[in-house]
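Chain nomenclature is as follows: A, B, C, D and E, assigned in order of appearance, with residue numbering initiated at 1 for each chain independently.
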Amino acid sequence: MNPEILIALPLLAAFLLPAARRIDASVGIWWGPLVVLANLVIAAMAWWKVQLIGPQSIALGGFAAPLGIELRADHLGLSAAVLLNLAVLLLWPRETPDKARVSTILLVLTGAGCGLAMSADLFNLYVFFELVAVATYGLAAANGKGEALIASLRYLILGALGSALALLGIALVYAKTGTLNLTELGGMSEALSGPAGIGALVLMVVGFGVKAELFPLNNWVPEVYAHTESRVSALMAGIISKLGILVLLRLIAEVFGGSPGLEFLLWVGVLGVVTGELAAYGAKDMRRVLAYSSIGQMGLVAVALALGGETGFIAALILMLNHLLVKPALFLIADAWPGSLKALAGKGRARPLGAVLFVLLALSLIGVPPLPGFWGKYLLLDAIFTNVTEGAGLLVGLILAATVVEAAYFFRIAARLFGSGEAAEESKIPGLPAVAALFVIAFLALSVQTGRVGDYLKEVVHGLQPQELRMAQSDFPDPAASVNGKGERL
Amino acid sequence: MDFDWQHMLIELLVMPTLAFVVGLVMVLMARRLRARIERRVGPPFWQPLWDILKLYSKRTQVSHGHMHEISIIVLLGGMIAMEVFLPVPGFDTFAHHGDALTLIYLMMVPTLGMALGVSACANPNGSIGIARALTAMLAYDVPFIITVAGAAMLYGTTSLPEIIAIQQQQGLEGWGAVQMPLLALAALISMQAMLGKEPFEIYVAPAEIATGPMTEMSGKFLGSMFIMQCFQLYTVSVLYTTLFLGGGENWATFLIKIFVVVAIPMTLTNIFPRYKTEAVVAWLWKWPTAIALVGLFVVMMR
Amino acid sequence: MNELLSIGNLLYGGAAGLIVIGLFAVVARRHLIRVLLGVAVIEAGVNLMLVAAGFRPGAAAPIFDPQAISGPMVDPIPQALVLTAIVIGVAVLALGLTLAIRIHRQYGTLDTVALTRIVNAPAGSPESRAMMQRGGGGHES
Amino acid sequence: MIPSLDLLLALAFGNLGLMLLAGRNPTAGLLSMILYALQGWVLVMLMPALAEGAASGLAFQVFGWSLSWELNGLGWFFAIITVGAAFFSAWFAAGAWGVQGTRSPWAFHVTLAANVAAMLLLLASRDLLTLFIGWELVTWAGYAMMIQSGGPATRAAYKYLIYGVAGGLAVLAAVVLIQVQAGGLGFAAVAAWMPGISTGMLWALMLLLGVGFGIKMAFLPFHRWQAEAYGESPGPAAAFLGAISSRMGLFGLLILLVHFIGLARLDELLLPLIGLDARILWMWLSALTIIIPTFIALKQNDARMLLAWHGIGQGGYMLLGVLVGSELGVAGGLLHVFNYATYQAVLFLVMGAVVYRTGTAHLDRLGGLITRMPLSYVAMLFAIIGLAGLPPMNGFVSKWMVYKALLDEGLPLLFVAAVIGTLGTILSVFKLIHNVFLGQLRVEHEQIREVPFSMWGPMIALSLIVFITGYMPGLALDLVMVAQTSLGFAALDYHLGGFVTDTGNLNMLAVVSVLLLGMGIGAGIFLLGGNKSKRVHQLDNYAGGHFLTTEVRYHYSHHFYAGLLRLIGPWYITLIKRLEGGIAALTDTLAAGSDGLYRTAYTPILMLAATVLGLALVL
Amino acid sequence: MRQFASLLFLFGFAFFLSVLVGGLPFGAAPMQVGQAIVEQNIEATGAANAVTGVLLAFRGMDTLGELTILFVAATAAGMVVERRKHGVSRDSVAGFILLAGAELMFPFLLILGAYVILHGHLTPGGGFQGGAILAAAFFVPFLANPGRAFQGHAMAFVEAFAGATFILLGIFSIFREGDFMAPMFLGTGEFGQLVSAGSLPLLYLALGLKVGAELGSLVAEIAAAPGSDDPLIEEPQAAKDL
């Protein structure tokens, strides 16, 4: 099964859904999940094939790389596709009034997501990115509430402005190099090292940053997550923000390796972490806390990306994976405690298992050793100390101070949950939504198997830098060098 | 450490009785001195002994529970143990097993015992007295510790017999008082407070808190207190002579020295009124501590 | 002077001007429709720049005409990209305007500051419901 | 079942699992006691094998780093104390206290087992990464233990958590810095690499690791959290935490200052402007840690707070002793860890018993309990003599060693500072025993009875240990020597009774036996000499002719040491407290600011600003 | 303050934009890929119009993505727009000439749209432009007379099948040519005539119909939506059938 089916099948189903809905009204319910399930199976098979015979490069339309669009079916792309399909399947919204249209949007979202994960063509990335963005605008406005509509519109304006700037960046790149294929662009670093190239990178970072919740561009995050259905915000925070980061990862890994433009991303990331955690400390209700905390985590990932190098990428991937598993579960668990944080007193006893899991997942976000979050943060600090020459102390200081603030607000909530106060009902049922349980089980599996997952991530990162096209930037730390330079590390 | 038992046992019995007798004479001297200053004759020679015997032969005395009695036993036991460790010409085998630091802490055991006993009889006057006594102890122990530190620095050792040996081997100018005059002076002042003599005698103030700790003591309890006073006079004077006056080559000079040492606070006590508690602390932490610190600095410089 | 007014500077200058004007509308104006229009102007500017990137002096449009002389041709790719970008712009704009219509009907206003206050008001606070009643036309809430 | 580190860890985690499942039924306490005893036995059997290090089988490969555990002498010494303290607190909680004394015995047993397991992991770490993992687990296990009783404890635990997380992250930063610079993380590799680094890097590492470990040990600038955190925990939990939990910080500091940097290097490390070398700086810091908390303890009027503040104070002795550098000093510091653990545990257990019976630990609302709870009184008497460091008890031996070492190394001012700390301790412990057990018995405490055997048993046992190790310090010194040699110092020549050094020796056998004989003679004089004395009721007291009744509160305990406190009152500067408040206020304002930033209506401006600034930064 | 900040940043942005744009080589487009495409276009795609060749053959996936964006936007808009209560008719405001003219325009617009779509591979224009014209055919009468009921059912079916054919053609090309959306039947017809460039015209036809139907259904949605002064509809828009 070649991977482009992953894109075509959901889109085909999406196109047919409105018509099918007229024939049989119940189609809106089962059509979407069924197709996504099929898509998941295909993605898993494709992923397994890649495990066996290594990454493939597919030329769409039969035209070789620089001419046509190249899809890269490598570890990163396909595992992202599998995770996306899984997440969409598990977090299928229930309370939206118009089920059929939401299913269409989700189908398109899945198709576009898979395309985004695998595409290796700059403009194609932009088109799929825009497709995912429009789908998310639709999702944000799905439940029809007044505030959700406003949030969606404000998000649309930010997104549209961002995409215009990104397109401007792509125009600059194309004007400078004449090609759009990432591997080709990778080879033209001296053309891109001029002001136009760096300017293009900054514009693209701003453009794609809106979706990736980077610092100045993420005002929409608290508004949208606060007013959508918990499953939708779980889906968006969980996997869709990762797609934005995925685009940046591909760009940085293959094209803009060591370019000075990354310093912009670095400081945007750090500011994102600091303001995200501080805002979460100041937030009044649970949803906003979780929204701000995901801004903070995405900031961390941005810092890891900006540092580049093999440790930087692995750190980014682990932090993303950890956040992907933890945040949806937190959103679903927090669904039981709506409203302001003050009203939380004693609620922990109402859903004891939910409260305990909330604490466990918060621990992983903070980075407490045995849990995967810790390894992500450890590698991030390692990358900072290796790659950043001056100002490393300040950077680490800011990040760690933000982590302390993070621990402060998470455990202020935990103290309220387990504290005294009229527990609504002393029900002994664990009261944990089934889907959240699935995410938690995946999380526990990850924390047990961190070693094996770590090795797989190393392979993913190796897959990112196609060996046959040597990295143009000399100062891009040659993965082999940084490995044995560290003694017995790898 | 070879324990020659029989020598130990002899010392254990002889030294406390010796200390008791000398202590009685010291108490007598103190009362005689006070009498002379007040131009009167003063009590006969055996008076202190008769007082104690009278108290012990009393029929009715009040006890406030087991802890009250046990604390008196601890008091006496602590005092006796202290005497054994004091280096006295002729008998100092035990002195080798403990040193100056041990002695300082051993001195606190009887004080703590008395404190527990007095509190056990649940009389607020007693408790207030003990609180003042411990505050005074905190006050006078600071300069005293500095002098001990100075001595340790000067002699390089804290074992009392060796300190005596070092001082005697250099003759008169080897004495502590000569080597470190300031520390000797500071030690003298803190000794005054240690004995609870006049300017620092707040914790037994009869007018305010009915003699403080001694309020509930009657009969043999009060008798034991008197015994404690004898031992205390003896111990403090012997410790002072050991550290600063070269200890006793033979009994004659040793007795003269300790009587002179005791005479000084006894005379001073009669001419001073009584400090308030915080005044005691403030004064002791100001002047004697300053003198001691300068003395220590001088010793350190050498 | 003529070097300054050469086709290249004119085109790129025009595109940049469009972008700046659009940005001004988006950044400085409070009414949402104006903001959306600003976005449209920016996208027009960017598209113009993209097309200008493919221009070659003296080259013909990329249509193969058996009769016409076969001279150098302009780069077809930017034109294809622009086609796609225009459609994306249209789609986003359509969705934005629909949302704007719905919000206007519900809240009676399209002023960014007022709307932000509604969105950021703590959940279920009286403030957001008050805004609801104040919505357009005298209708019961 | 050959005794090995794996068996030890298996027992510890087995106990944790067992408590998780069977924590609720009454026999759980007994079960955990047996398991702790077993762990103690395994540790003792491990002692001979320590020379070449008792390695453990389990090892993980994560991201190219191998995690493995091995118990060395120092870790073994702390492990013995941890397991011992756990045994006695489990024994205390096993009986009646478990039923009525606490809201949920399950929570206590689980958190105790978790703490022991986490501490064993920390103590058996072989490289900095496992050390850090163990460190975080200990922090979180301590948090869990503190919040089990709810109420004010959660607030104190929250403050502890913030300090703990900040400390942990400082250690993490240092670990990563070492990882990047030195390449490897094993203790030996790092110790070998340390001499080569520049002084700037050394200062950075010492600062980071010193702050991280210092927070856990409640070293002076970071001592704010420990008093409430340990004081508010329930009886046996406080006993365990007080006895050993903050000593994990000392374990870390010892590894940092002695094993990595080495005392010689500390001497050369001069402070830029004052010219004071780092070792003296650390010693003065520990001396201040002795004095200031002790005098704060003097002011407390809740017994458990008083004890907790002493916990901070006594920590200073341990590090001061080790930093002196001479065999006597190091042995004194390490022995003080053991001694302190014993009598601090007794004190907290006694207060646990008092709270169990009277419901309060406030010094103004207690008094005269000696008549009702004699056994607890005896236990507390032994313990306060130990805490004050007076002869018959073991506290005196370790303090004597520290003082002797200070004098021998020619540091009189530090000696004076340490003794001032002891004097303050004597005053405050007397206030403790006087306000709780002596003085007038209150009307409401007339009916209370002594606590059952399950509670006074551990107390008396521990106080006997305090006396016996005081009488024959050689026993405890055997343990200390294992740790001392593993730290790289020469072993001290000692005998059962004490030491013979050329500058003055101590023979506790002689001192204590003379004391006992003296008491025998005193008893002879007192009991035989005088006549029978009449037992009198507590109200039959001389009150200056005033007739005593029960309504009149006739017990002096409020504002004890009034004179002294009036004098030193102004010295209590709350600098650190204001600093802490300032940081909290700053965080709140920043939080409100950034929350406001996200609520701004003009989001496009932010995007535009970001682009322009980004371009400016980069081009 | 806000005005000042925005102006300040605008000038900054303008300055940097000019710096960036200044650096671009105008007129000397590297055309690294463009030149190769221009040369291979005829034998690879058979389309006279190279842009169509790029759009449908070389970069087929972009076009598919773009098509879907329009589809998603229309669906999302449909979800957001409210349903008007039946029976609340809106009076028509246009005069007679406008009404008659609109009715008259309808067939011509359809023909023009069809022409533009069918000649996509020969002349500039193609699926999107033709589709837009088709949609305009439906817009004009609606603008003239908003009240008129609008029959959307046929539209949805056309839209669905057009989109489906587009993708099915792509998938079919996997079996025939081995790659997704590869151009097929290149041999038929001769270059430059209506019947040429193999499967491209079919793709463009499907695309054009899809775009036209989509925008048409968008019109139907808006037609069914209440006017801006109609009463607010409170109950949630659950059963949204067209």
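By our rule, a residue touches a chain if its C-beta (ideal position, glycine included) is under 8 Å from a C-beta of that chain, and two chains touch if they have at least 3 such contacts.
What you see is a predicted model; the values in this text were computed from it and never measured.
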{"item": "Contact clusters after notional removal of chain C", "value": "one piece"}
{"item": "Chain whose mean Cα position lies farthest from chain C", "value": "B"}
{"item": "Highest-count interface - the chain pair sharing the most C-beta contacts", "value": "B-D"}
{"item": "Most widely separated chain from chain D, with each centre as the mean of CA atoms", "value": "E"}
{"item": "Inter-centroid spacing, chain D versus chain A (mean Cα positions, whole Å)", "value": "45"}
{"item": "Centre-to-centre distance between chain E and chain A (centres being mean Cα positions), rounded to whole Å", "value": "30"}
{"item": "Rounded Å distance between chain B and chain D, as computed from the means of their C-alpha atoms", "value": "35"}
{"item": "Rounded Å distance, chain A centre to chain B centre (Cα mean)", "value": "79"}
{"item": "Residues of chain D whose C-beta touches two or more other chains", "value": "599-600, 602, 604-605, 608-609, 611, 615, 619"}
{"item": "Residues of chain E touching at least two other chains", "value": "2, 6, 9-10, 13, 16, 19, 24, 29, 31, 33-34, 37, 59, 62, 65-66, 69, 72-73, 76, 80"}
{"item": "Chain C residues counted as touching two or more neighbouring chains", "value": "19, 23, 26-27, 35, 49, 53, 75, 77, 81, 84, 88, 91-92, 95, 99, 102, 106, 112, 115-116, 120"}
{"item": "Listing of all chain pairs that touch each other, if any do", "value": "A-C, A-D, A-E, B-D, C-D, C-E, D-E"}
{"item": "Of all residues in chain D, those that touch chain B in their complex", "value": "368, 370-371, 377, 381, 385, 388-392, 396, 400, 403-404, 407, 410, 412-413, 415-416, 419-420, 423-424, 426-427, 430, 433-434, 438-441, 495, 497, 500, 502-507, 509-511, 514-523, 525-527, 529-531, 533-536, 538, 540-544, 554-557, 560-564, 566-567"}
{"item": "Contacting residues of chain A [partner chain E, same complex]", "value": "2, 4-5, 7-8, 11-12, 14-22, 25, 58-63, 66-69, 71, 97-98, 100-102, 104-105, 108, 111-112, 115, 119, 121, 123-124, 127-128, 130-131, 134-135, 137-138, 141-142, 144, 149, 172, 175-181, 184, 194-196, 199-200"}
{"item": "Chain A residues touching chain C - in the complex, by the definition given at the top", "value": "123, 127, 130, 134, 137-138, 141, 146-147, 149-154, 156-157, 159-161, 163-164, 167-168, 170-171, 174-175, 178, 180, 222-223, 226-227, 284-285, 287, 338-340"}
{"item": "Touch list for chain E against partner chain D, complex", "value": "2, 5-6, 9-10, 12-13, 16, 19"}
{"item": "Interfacial residue positions of chain D with respect to chain A in the complex", "value": "60-65, 132-133, 136-137, 140, 147, 150-151, 154, 157-158, 161-162, 165-166, 169-170, 172-173, 176-177, 179-181, 183-184, 204, 587-588, 590-595, 597-600, 603-604, 606-607, 609-611, 614-615, 617-619"}
